[in-house]
Amino acid sequence: MRLQLMSWPEVETYLQRRTDIIIPIGSTEQHGPTGLLGTDAITAEAIAWKLGEAVGACVGPTLGVGMAHHHLAFAGTVSLRPSTLAAVVADVVASLHRHGFTHMLFVNGHGGNVATVNMAFQEIAAASSFGGGSVPPVCSIVNWWDGNRVKDLARTLYGDQDGSHGTASEISVTWAVHPDQVRRAEFGPAPAARPWTDAADFRRHFPDGRIGSNPGLSDPAHGAALIEAAVADLAERHAGFAARA
Amino acid sequence: MRLQLMSWPEVETYLQRRTDIIIPIGSTEQHGPTGLLGTDAITAEAIAWKLGEAVGACVGPTLGVGMAHHHLAFAGTVSLRPSTLAAVVADVVASLHRHGFTHMLFVNGHGGNVATVNMAFQEIAAASSFGGGSVPPVCSIVNWWDGNRVKDLARTLYGDQDGSHGTASEISVTWAVHPDQVRRAEFGPAPAARPWTDAADFRRHFPDGRIGSNPGLSDPAHGAALIEAAVADLAERHAGFAARA
Amino acid sequence: MRLQLMSWPEVETYLQRRTDIIIPIGSTEQHGPTGLLGTDAITAEAIAWKLGEAVGACVGPTLGVGMAHHHLAFAGTVSLRPSTLAAVVADVVASLHRHGFTHMLFVNGHGGNVATVNMAFQEIAAASSFGGGSVPPVCSIVNWWDGNRVKDLARTLYGDQDGSHGTASEISVTWAVHPDQVRRAEFGPAPAARPWTDAADFRRHFPDGRIGSNPGLSDPAHGAALIEAAVADLAERHAGFAARA
Amino acid sequence: MRLQLMSWPEVETYLQRRTDIIIPIGSTEQHGPTGLLGTDAITAEAIAWKLGEAVGACVGPTLGVGMAHHHLAFAGTVSLRPSTLAAVVADVVASLHRHGFTHMLFVNGHGGNVATVNMAFQEIAAASSFGGGSVPPVCSIVNWWDGNRVKDLARTLYGDQDGSHGTASEISVTWAVHPDQVRRAEFGPAPAARPWTDAADFRRHFPDGRIGSNPGLSDPAHGAALIEAAVADLAERHAGFAARA
Amino acid sequence: MRLQLMSWPEVETYLQRRTDIIIPIGSTEQHGPTGLLGTDAITAEAIAWKLGEAVGACVGPTLGVGMAHHHLAFAGTVSLRPSTLAAVVADVVASLHRHGFTHMLFVNGHGGNVATVNMAFQEIAAASSFGGGSVPPVCSIVNWWDGNRVKDLARTLYGDQDGSHGTASEISVTWAVHPDQVRRAEFGPAPAARPWTDAADFRRHFPDGRIGSNPGLSDPAHGAALIEAAVADLAERHAGFAARA
Amino acid sequence: MRLQLMSWPEVETYLQRRTDIIIPIGSTEQHGPTGLLGTDAITAEAIAWKLGEAVGACVGPTLGVGMAHHHLAFAGTVSLRPSTLAAVVADVVASLHRHGFTHMLFVNGHGGNVATVNMAFQEIAAASSFGGGSVPPVCSIVNWWDGNRVKDLARTLYGDQDGSHGTASEISVTWAVHPDQVRRAEFGPAPAARPWTDAADFRRHFPDGRIGSNPGLSDPAHGAALIEAAVADLAERHAGFAARA
């Protein structure tokens, strides 16, 4: 049930039954020499849509541009500043809350969004805390790769070559979604994860964009299995989330 | 050529040939009793993608949530505040400009975005005007329905029943894109266009969300023809735009 | 009836009879080699004051500095950033609304203000739309030169040499208001209208500041006639505006 | 020499000789039962214009709406929030600085502007201090009534009945500028000055808007003498200010 | 009674008796060749704590970083922009107001904070004035050195060598608080007070950071006496402040 | 070496040797029926000061008010909004960076600060990433309780009764710092950790403010040992941090 493919009376009917919603949030950023710029949006959206089917929940519009300033030294990356993304999250949440949605689960495709989105949730709640007003909506952000099923599967498939950016896993998922976008190549070892500051610093440490990953191991069939695993992981999370009082 | 389906080296290659980009911008808002909430995003995206093919240009990520506060009294509408949308546009433009894109054509699916997006373009340029810095990118926003071919076709198809919100035209386009989403119904006459203030005022004047439109006339085949007309109209606009010095 | 020349009890009395107000908004920006920097403020103010007399309405303080970043490469231009002007409009509207004014017609002297002022109106209304609060005031911005009487007269007087910046019309109006400020000169043809980005780009395209205009045709007597035409045009607009429910 | 009555080449010529400018800043706020809402703008503008003549300096556009939230419980008051006024001052200063103005003296008609305008000057300078950039312009705000000549004259004319809002002095000045706006009345004693918080609190303490003043003593002839005294006071201040390195 | 050393039930109990609070606000900025960077925070805190004891009032957390951009050309200075400090003050006031505190006296150690803090108080009150809401808290900022006892004592101790930054007085106070931090040195005459713009300009005029002061006269015993004098001065101010209706 | 107890020439000398700095950041918020409101500031400051001694690093001013909106339903809590705290962090970092500090380690006493402070670091770096400017400083935030030594010790001392707010550990640390502030009491079991939204929701779930903790187990001697453990843990972290290129 995708909100963008519903009419307003259909949403009204939905809200009489339940008041939770799933919101895919991704990013548009480099994913190594062969990864798609839209990887994080494509994965979050595909998994959120299937999660919506699995749990019968409405899925809101995909937020396809996230907080990815550190990838800006690679062509094609499109980023919001953290403060801009926080404003976007605040307005999306306020819009949905106005209609009566009370539980908003952001299914996330990009680690770089997490601090900002949590800060945005806190800014929203703070407005109520300062004013003594009504209880704000219950909001949470969850990465699609953080559940045990996905972690186990990725370890089985890629061992220590999954990496943490331009991962073998996420590239497999994009290939499962877009089988016509498979780009195979040979990869040397990628630099291991370490901290960075800005885009120039990131590129200095990770010259082709990958962090610890070997996308040469990716496969569309893996992607399908990872999606299935992610949906199972997230369905559990969703059950607990939707039950929060 | 969709940016989200390109890798960063492919964007780098593209930028050696040309530096223009097309950005679909829509909205997630009520479109009458049967229209899809995603209508303005779906239409803008579909037309922008085909325009990209027609003129060989790269098409950036779709901005699917726009400035639609006045529709918030109808369930499912998701809006940004004008100031938030302006910040989004500023960051998207700055990201692309950093990579060397110089001409950014926003293909728009929602009239409510226009003032804010133009204000955002001016805010970006003002930063340069105040500081005496370098020439900012060339930015423009164009509605897909504003060319002569679309106007003529819509008049032929719907006479004075196209309306100005939840239009017969746009609903036809969404049906051409999503043939499984056709929702037929009978419609009485819709209130004629007139100004409004906020969401409550909008709903008071337009109780089912339509302005002057009769979506009972919509048809998927019309949608296909309207897309073709829009692409032809916009290709002309794009030629002039991309040539601006 | 100028608000700045009224006492607070007089405004209170006015508000018992009617709740509309007219607000002149202009700009302080170059107007070609001989045009006054204050042209857009002078014209808006003079016409708004006469409109106020014509329709019996109160006229608020003139907002004499507008959104004119693109003129900053010419000495003397004073501009607000779009976001600043939007904040000014928001506060002015909120002040007047607090007193009970419900209809605020901005009489505009500068095309560059329009997108920002409309965005500001939307930001104000959005605050209500998001919160579900009370109906915000009815706000509209109208250019003094956009009515048929002015357009016809300008065409009669100047044919295709009125232009779109530093126009023969507006310079005539300033001379009618300030007969001691007539500066006559010979003018070669001015570049035709075309888009621009920032101040440097504007000056590159329009080296002496004019767009398509021949102020050599201006005359104080024209100015007086143009003011009269503008007031007649705007009085019609005002009648419809003040009647909006 | 009023900037709004100059052309851009004339400003360019002026800047070859000297780089100081005077900017009138006032307010639109209640001034007691008979005082004009525009009092602070009218007085600041009239005195700034005469000061400009006296010292040969250019006088910029009048900022006629200031920071007057505490008067909003009286009809007709129009106020900016402090943060909005600070943004206005920042943009005006930046505009003038871009042209080469280096010394900007704000001639002030309203005590409520002072903290905010000084904060704005500090915000402007802080941008340079944080970045290590170039020396920002020299900015200062001076109240027209703060010099010794004005203070002595007001004491002579009104003793302890001048007050601190809706003063006999300022009302005399408005009458000198607008002799057709004299409104005579009998006044009882006004409450003495004391602190306040918001508009409701202000009105509670000062029910007719006056603080300690007796406008029954005002006279147009006083106004003319006060203007002369203020110009003499300010000309001294200006000399020191313009000489600051 | 320091808030940071109280539990929440103890604050609740306090609020049943009285609703005033004292908040120390200082700065972290250069204070000449030997003065401590924390001088303004140390002095404000020490005096506020003793004032709290003297009048039985609760003392909130020290705001130790203030508005000191003009000192940034000296190593170690830490400053907030004015707009940031205004936001801090707004949130601190709102937090305390939510609990029922109605009177908040900021005891200030740094002249550079005054305009911004007053602007912040006005921004807080303006929110109420625009909305017509409830009476905001009574807020005031007072410099510890502005009372007569301190002024007399400083004049007696240092004559005209106290200065206005890195003063002999404030350095004595820091030595009374931190006897292990006495740094004695010989000082030549310091430049007299004069205006400045940014940090570079400040350093140009005041090369070692002092304005008119001779810290060679400072003494820990003076500091103890100055603290006593300041507390006596401020206790008088506090009495009037806490009684404001 | 506390920055606030140094003079500017001493900081200059320090910067010739090394360019790292430690910044304590805490909060002022309820810590259960007996915990001090300043707990998170007191603990962060005490540990940061000792860490500074241990590693020879300069320690900046304590940021004693953090992001604690969810505690605002308990008297005495003082919070910044997330956006305000982000602005504070940005200005503090910019101030220190201007002097040549390149590595800034925030020693944190409050979990609620983490998302916002990380978002602030990203906002700072994004300014560089968008503009292509110089490498921003290396910033990191570390909780004092997150190292293995502290975790082991807390488990040994309190088993599963340490909790996650108003912890037995942190209360012990405050008692080690302020032995005169020991408040002993008997405690029933505290509710286990679970998510919350705003202040009212927090208080609903955690009526006396504790989350899972038993401060009845706290002891000043534990506090001294915990401080020692934290300093050892953080000294390791600091070594890696200061070595980052």
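The letters A, B, C, D, E and F name the chains in turn, as written, and every chain counts its residues from 1.
To be clear about the criterion, contacts are C-beta pairs under 8 Å (C-beta built on N, C-alpha and C of every residue); 3 or more make two chains touch, one makes a residue touch a chain.
For reference, the UniProt names are A, B, C, D, E, F = Creatininase family protein.
Because the structure is predicted, anything quoted here is derived from the model rather than measured.
J.: Tell me, which chains sit next to both subunit A and subunit D?
T.: Neighbours common to subunit A and subunit D are B, C, E, F.
J.: Work out the mean Cα position per chain and let me know which chain is farthest from subunit A.
T.: Checked the centroid distances; the maximum from subunit A is D.
J.: Report, in whole Å, the distance between the mean C-alpha point of subunit B and the mean C-alpha point of subunit F.
T.: From the centre of subunit B to the centre of subunit F is 47 Å.
J.: Can you list the subunit A residues in contact with two or more other chains?
T.: Expected reply: 72, 79, 81, 83, 91, 95, 98, 130, 132.
J.: Which chain pairs here would you call touching?
T.: Pairs satisfying the touch definition: A-B, A-C, A-E, A-F, B-C, B-D, B-F, C-D, C-E, D-E, D-F, E-F.
J.: Could you please specify the touching residues of subunit D with respect to subunit B in the complex?
T.: Touching subunit B: residues 91, 94-95, 98 of subunit D.
J.: Going by the contact rule at the top, pick out the subunit C residues touching subunit A in the complex.
T.: For subunit C paired with subunit A, touching residues are 130, 132.
J.: For the complex, which residues does subunit F have touching subunit A?
T.: That would be residues 67, 69-70, 72-73, 79, 81-83, 86, 112, 114-116, 118-120, 122-123, 125-126, 128-130, 132, 135-140, 195, 197-201, 244 of subunit F.
J.: Would you tell me which residues of subunit D are touching subunit C in their complex?
T.: 2-12, 15, 28, 30-38, 41-42, 60-65, 72, 74-81, 83-84, 87-88, 90-92, 95-96, 98-100, 178, 181, 183, 209
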